[in-house]
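Each of the next two complexes has subunit A plus one more chain, namely subunit B in the first and subunit C in the second.
Our next item is the complex of A and B:
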């Protein structure tokens, strides 16, 4: 069955800073809808008062990776899109994929080895049977 | 005047030499900005952060236990009775450590005793159900497999490493209450089996059976039968199987060979019953090749080859299978 890999989202923002306006709008309007649509993600909203670090959306995944995304000067819709993108990701590292294909069954009839089409020692080569 | 000048010079040199940091430099370089007093602070804080011992997630900021447990039940797509689930996460080592801590703080006897039940009962029930259900699944899927093989498969699937690996990836190590951090694998195994027991109590045997099937059986993908089941004498086992089916004893013959006189020879030994080939296996020496051929024959007989039909994960139509599992406990 499908298990969503995103465990929790922490929204750290400041209630007075100018670049956290999108974050504040998201909390007022869209955060509850997002939480209702994704009941298996825990959403924490923690405003820290005073001039602090930039507003950030921290995503924690089941395999332990923690990903921070800056949401400074983003609108509420953009933050919703970003949150759904994080919710549909798995926690694997985002690195270059070496090949865009993978199979679990690389060969159907058996992989070729030098003895595949050689007859075995035991086959007896006798005279051809004459039709009678 | 020369003496006075020399005295002045001697006086001024130590002044300039001994100025160093502080006001002397300030008067000399008055145009540059003053140096930061705590330039080392950032590096020191980073070092402290890296050297700090790992902490449980519940001790870091932003943690709500009730919300996390609800999210867990949604993540696994099961309805749990929440109080059963909360007891499933309580381990006996946690209860002991909490009582010891309360006694140390000097509380009364009544306050020391916690009103928490631990998860050993639920864990036992979960383990019994999981073993019975998995054994039944394998008996249905591989009817030829003997009891020892099924037991080996079930033991592998309920072993400590596998269950703790599955539990780690379902975030049970954050929710489980136990004494040490990070939680040791047997604690994780006990907690996960207790979760299965809690599901059994709340939703009944059918749904728990589907849960066990969805989380344990994919761990067999890509695994070979004889990696899980240690067989010392495959030839003897093969002879027993063939006598059960009234087939004559197999004759081993060399089918192909390569590089006989080199360091790495390859022999293909085929097992023939009544002039018909049963199985063929490769090996470095003749004995190894014969043993491998016996293993291939056993795999074919038990129906555990690599090209068998994949496991059937469709919804079961009748709940008879899981009820049989319960009644056999």
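Our next item is the complex of A and C:
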């Protein structure tokens, strides 16, 4: 069963700042629909009064990563798209994956070492023959 | 009154110069010397580093293929076969394994690689018999070809 990796979305904005207009429109119009469409994500709306930091959408994931996205001077539709993008992500860091595969047991027959294809007299120590 | 453009003596000055500089310097942090600290030197170094990394993507494929070939050659020599004989006889026996997989098998699955070398050796002997024997003996078992339609 699919478990959504996004735990909660925090909408931090100021109700009076000019660049938080999109955030305010989002809260008025689209936030309820978004919350209904994504029932396993908790949406917190925390307006802080007065001039504060830039409006930010904070996403917290199940593995603990916290991702902040600036929503200053963004329209309500763009914020919806951003929120759905964050909701479909997992919390893994967005860096280049070196290899698309990984194994904990790469070798089943035993990894090659310089003595694999040599005669076993070099490796095996038999019982020491007693001098007659 | 309505002013459409600012007066000529008014200048706009940069306020986020620090972040614009950091955008470049963050890619130069692991460089040697002053080019990991000084912006003017770092710009050139970072640009050259990006260009080199773009061009090197084509070389990486060639380099890795050469590495695999070296490894397969070493592994097949351990089993008494030279690389051209090994690869050609594997291809004739319709074993479509690429060099990457063969190199990984040689490292992590030595017994499988030994059996592949034995297969190539057997196909080689059958090839010799077919070329020198001239038609009277039956065809070798491992020389049979499977046709997929």
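The criterion applied here is as follows: the second predicted complex is superposed on the first by the 98 of 132 C-alpha atoms of A that agree within 3 Å, B and C clash if a C-alpha of one lies under 4 Å from a C-alpha of the other, contacts with A are read in each partner's own complex, and residues count from 1 in each chain.
Just so it is clear, a contact is a pair of C-beta atoms (placed from the backbone, for glycine too) under 8 Å apart; a residue touches a chain by one contact, two chains touch by 3 or more.
Bear in mind that the values here come from a model prediction, so they are computed numbers and not experimental data.
Once the two complexes are laid over each other on the shared chain, residue contacts for A:128 go to neither subunit B nor subunit C. Once the two complexes are overlaid on the shared chain, A:99 sits clear of subunit B and of subunit C alike.
Once the two complexes are overlaid on the shared chain, A:117 sits against subunit C while remaining clear of subunit B. Of the two partner chains placed around the shared chain by superposition, subunit B is the only one that A:10 touches, whereas subunit C remains out of contact. By the touch criterion stated above, A:36 is placed in contact with neither subunit B nor subunit C.
After superposition on the shared chain, subunit A has more residues touched by B, the comparison being subunit B against subunit C.
Within the superposed three-chain model, A:62 lies in touch with subunit B and out of touch with subunit C [touch as defined at top]. Annotation: subunit A has no residue touching subunit B in one complex and subunit C in the other. Those residues of subunit C whose C-beta lies close enough to touch subunit A in the complex are 75, 78-79, 106-112, 114.
Across the interface of their complex, subunit C is touched by residues 106-112, 116-117 of subunit A. Note for the complex: subunit B touches subunit A at residues 61-62, 64, 67-68, 70-72, 74-77, 169-171, 174, 214, 221-222, 253-258, 266, 268, 270. Here subunit A touches subunit B in the complex through residues 1-4, 7-8, 10, 39-42, 44, 46, 62-63, 104, 114-115, 118, 120-122, going by the rule given at the top.
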